[in-house]
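Listed next: structures, encoded as structure tokens.
Across the two complexes that follow, chain A remains constant while its partner is chain B and subsequently chain C.
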Partner chain A sequence: MKKYAEVFRVSFKMQIVWRFDVVMTMAAAAARAIAGWIVWRVIFLGKESVGGFTQDAMLTYYLISSILRSIDFSHHISGEVSYLIRSGRFSGHMVTPVNPLGFFSFMSAGMSAFHLLFSVTAAALCAFAMGINLSFTRDIARILPAAVMIPLGLTFTASFQYLIGVATFKFLEIGFFMYVQWSIIAFVTGSMVPLSLLPSAVLAVLRFIPFTHVIYTPAMLLTGQASAREGLFGLAVLAAWTLMMMPAAHYTYNRLRKKYDGVGI
Partner chain B sequence: MSLIKTRNLTKTFRRFEKAPGLAGSVKSLFKRVYTEKTAVDGFDLTAEEGEFIGLIGPNGAGKTTLIKMLTGIIAPTSGEVNVLGYYPNKLENAFKKQYAVVMGQKSQLIFDLTCADTFLLYKEMYEIPNDVYKRNLELFVDLFDARGYLNTQARTLSLGERMKMELVTALLHNPRVLFLDEPTIGLDAPAQRHIRAFLKEMNLRHGTTILLTSHNMEDVRSLCPRSVLVGSGKKVYDGPTDKLFDAYQTSKKVTAQFEDATDFRLPENCPVLEQNAHKTVFTVPKALCGAVLHQIMRDYPQCDLFVEEEDIGVIVERIYAGREANP
Partner chain C sequence: MKRNVRFVLLLMKLKLSRMMMFRVSFFGAFIADGTMFIIQLLAFEAIYSQVDAIGGWNRGQMIIFVGTFAVVNALNMLIYFFGVNDIPEKIKRGDLDGYITKPVSPLLRVTFENVNPGSVPLLIFSAGIVCYGVSAAGINISFMTGLLYVLLVLLMTLLWYDMELILRSIPFLVLSANGIVQLEEQLIEMNFKIPGILYKGGFKVVFYFILPYGIMSTTPTQMLSGLLTASGFLHAVVITAFFTAFAIGFWRYGLRHYKSTGS
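Moving on, here comes the complex of A and B:
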């Protein structure tokens, strides 16, 4: 485990090397919070609630979901793995005694930790400056499943994106596929709009999809909009998918790498 | 027991081909045409503990493919391969902890961080005990006189400094086998000498078995008592390096350069490779080299002379020609 802790530390150190980038990360986190505040203020003009949310509940949901979205760097994994395979540089990960899935997951976690620091700070400052009355739940039965679902969700998405990335061993070019799946995932995670605004038939299907429980369910739990029972159901679905995805990603890597020629690189 | 053993090792690649132009591209969308290339063909190789072997051959001969199979990066199409008692392509951690690979054009350093940060990462990845890590780092830093840039961001290092740090990274965990692919490519003469001295030290002092791939004949001649020559995926020669060069290197390549335009007359029996008013490149039979150089320095005192080993491709062709003449 120490080796993965060092990978995490390396990733975190890489985030704070470039000062301009650090400043821009802080600015982007603040800009996201301000943009959300403006958009939802306009939508709520003359209305008491939208889709069962009050304005404060919606803004709290938006801030939590945007924080969760900003710390999910799993989409970098598929892009990075794909690039490394195509350029022949993935071999560096094959000859070192570290599981590549673990390596990329902890690199991603290091980035998440850095962005979490700034996103939470920026969101808190913006909420204070704009007088948003954040409405968090105090119900421990909702907070606990949410607290487990957040790292579990990041683990799931890391494994899923790694699996997509290693498909490059077989297909060599997966750029368009990556773009399409990122767009679909951005929607079904609920980071664009709360999924409760969708028709109930769609929601019933989405409950069994893991991506729904990566951002949407934890955000709904923390804002008190989802029940503890829904939280436990989401946790079970996410855990089941994660338990399947990790070995699937590992198996796919081991299977496809053996067929890879690496000709000319 | 041999550390490396291959028998009839073969790797065949499938390569996509298409006709030129837009029509060719559209056609290839519907009908794919593949050709097969045998990069390594029935290769037998053994290496004993502590050997320093030069793996030489022209571009596309199959050297890098062979290294990739020995390190497990790619799987062989057929044949047997055993490195340190393992089948490399299983990529077991216990196997990976016993060797290291340095490819001159692929860096292991984390460019945004310092070399010391990369070393710390490798310490944990290879689970190197603290005392071994400290001892090795001290030793390598002293050998390379590299203390000054240990805490420097890797991206700001010169090519020579970077290669030294690549070697330190690779050797921190005391690998039993070191695979080197073009470690001196692009380096100036002093950096090349420094790296050669380091590798010699590692081989002699630590008994590290080293398999060196290089186009730089000086690397091979000065470091490797044994050479394996590869041509078109096949083993062309396996034996003492001195014998290889004595038997098949019949000429030297000489470059004569002039600052002012000069009407340079070629010495007799020296075929020209390239000539213009400022530069002439020609080959000189090895036996005549001293006399020819002496004559040029006497006749053209303002001339700059460079003497190089013959291109390895020429030696391969000569060995093939010799076999055809005396099968």
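Moving on, here comes the complex of A and C:
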């Protein structure tokens, strides 16, 4: 565990070097929150509630989801793993006594931890500038599952993106597939629109997939729009998927690594 | 002129030959961007299941907006994106030497050397979204309206090119433009989700005049919906003319400061 803690620490410190990336993370969080504010402010003109949300609850949802999305760096994992395999530079990860899944997960966690403060700051500044009355729940039964789901969700997405990345051993060029899955994930995590606006039959299906509980469910819990029971259900679904995804990623890596020629293409 | 056209056609032929070596990736842009636009349509569908209009635009007009953005994006990918996108790396590595010393305009070559025929299906798909939007909005389009819409789409494609060229010419002066390109991505993503009609105050000034991403899909959509005023049309023409002149001037200025060394 000590070596993974070191990966986390180095990754955290490395972020200080990339100052413009920090600015960009803040800009991304702010841009999503501002986009939500511009659109929903117009939609709420003359309306008390839309889809069960008041205007303050909707804007708070967007602020929380923009923070959660901006601290999820797991998409870097699939890109980097794929690049390292194609360039023949993945060999370094095969010969060092560190599990690559653990390495990339903790690297991503270090990035998330560093950027969390800046994303929260950007969102808070947006809330202040746009005059949003933040609508958070004070119900501890909702806050607790949300607090567990956020790191668990990041762990799941890290494992999932690693699995996508190691597919490069077999398919070599997975660039467009990565873009496709990023677009789909952005939607099903609820970072584009709250999923409760979708037809109930669709939402009933989405409840059983893990991505829904990475952003949507924690944001709904923290704004008081979802019940504690729904939170516990989401937590159970996410935990089950994470427990399946980690060995699946590990197994896929061990199986496909034999195809690696180590010279790049 | 005739020589330049022959040169561009030759570049396209060479690119097509290269692309046929990677056939799976040939339709990559279509699949990746096509999915993105479908997802955006789904997001607007979810919102329109709760409301009748956003800022006075009905569901059909919003579909036209997404479709128009997709068309401009597809033209961008088809014609110049992969060429212009490489400019910062060429500056950094000193690769522009080979462009400057050839008896052809470096900008012409950079612009057209990486055309991407794989984006043709995306263009057709995007045009399909626009047609679906027109049908959903119940708009009757005259020949003249259709013609002016196509003209505006081409103008907005040129404006997008201008913005890309300006931002990617900055490394002539500062070497690295990674951050600026990231910022551009954020701005495009934001303006892809927000019709320009929703901007007010400072946002309108920024996205209509300074970084005119806000008009790129909005103005053609307004034209097709019969909502575009003469001043709105004139604004689009003047902004495009200004940014085209500025982009070419800035490229030439940057080229004069090109240090011709890798770093």
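Basically, the second predicted complex is superposed on the first by the 245 of 265 C-alpha atoms of A that agree within 3 Å, B and C clash if a C-alpha of one lies under 4 Å from a C-alpha of the other, contacts with A are read in each partner's own complex, and residues count from 1 in each chain.
One rule holds in what follows: contacts are C-beta pairs under 8 Å (C-beta built on N, C-alpha and C of every residue); 3 or more make two chains touch, one makes a residue touch a chain.
Small disclaimer: the values here were computed from a predicted structure and weren't measured.
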Once the shared chain is lined up, is A:T121 touching chain B (first), chain C (second), both, or neither of them? neither
Q. Touch check for A:A186: first (chain B), second (chain C), both, or neither?
A. second
Review point. Now for A:S91: first (chain B), second (chain C), both, or neither, which partner does it touch?
Key: first
Q. Looking at the overlay, what does A:V50 touch: chain B (first), chain C (second), both, or neither?
A. second
> After lining up the shared chain so the two structures overlap, which partner does A:E6 touch, if you call chain B first and chain C second: first, second, both or neither?
Replying inline: first
Comparing chain B and chain C in the superposed model, the one touching more of chain A is C
Ask   = Touching A:N133, do we find chain B (first), chain C (second), both, or neither?
value = neither
* Answer with first, second, both or neither: which of chain B and chain C does A:M24 touch in the superposed model? => second
In the overlay, answer first, second, both or neither for which of chain B and chain C A:D261 touches.
first
Both partners, chain B and chain C, contact chain A at residues none
In the complex, the residues of chain B that touch chain A are 13-15, 37, 39, 68, 71-75, 89, 91, 93, 96-97, 99-101, 106, 108, 110, 112-113, 117, 120-127, 153
Chain A contacts chain B in the complex at 2-3, 5-7, 10, 13-14, 17-18, 88-89, 91-92, 94-98, 258, 260-263
Given the complex, residues on chain A that touch chain C span 20-21, 23-24, 27-28, 31-32, 34-35, 38-39, 42-43, 47, 50-51, 173, 175-176, 179-180, 183-184, 186-187, 192-193, 197-199
Chain C contacts chain A in the complex at 22, 24-25, 27-29, 31-33, 35-36, 39-40, 42-43, 46-47, 49-51, 54-55, 178-179, 182-183, 186-187, 189-190, 193-194, 198-199, 203
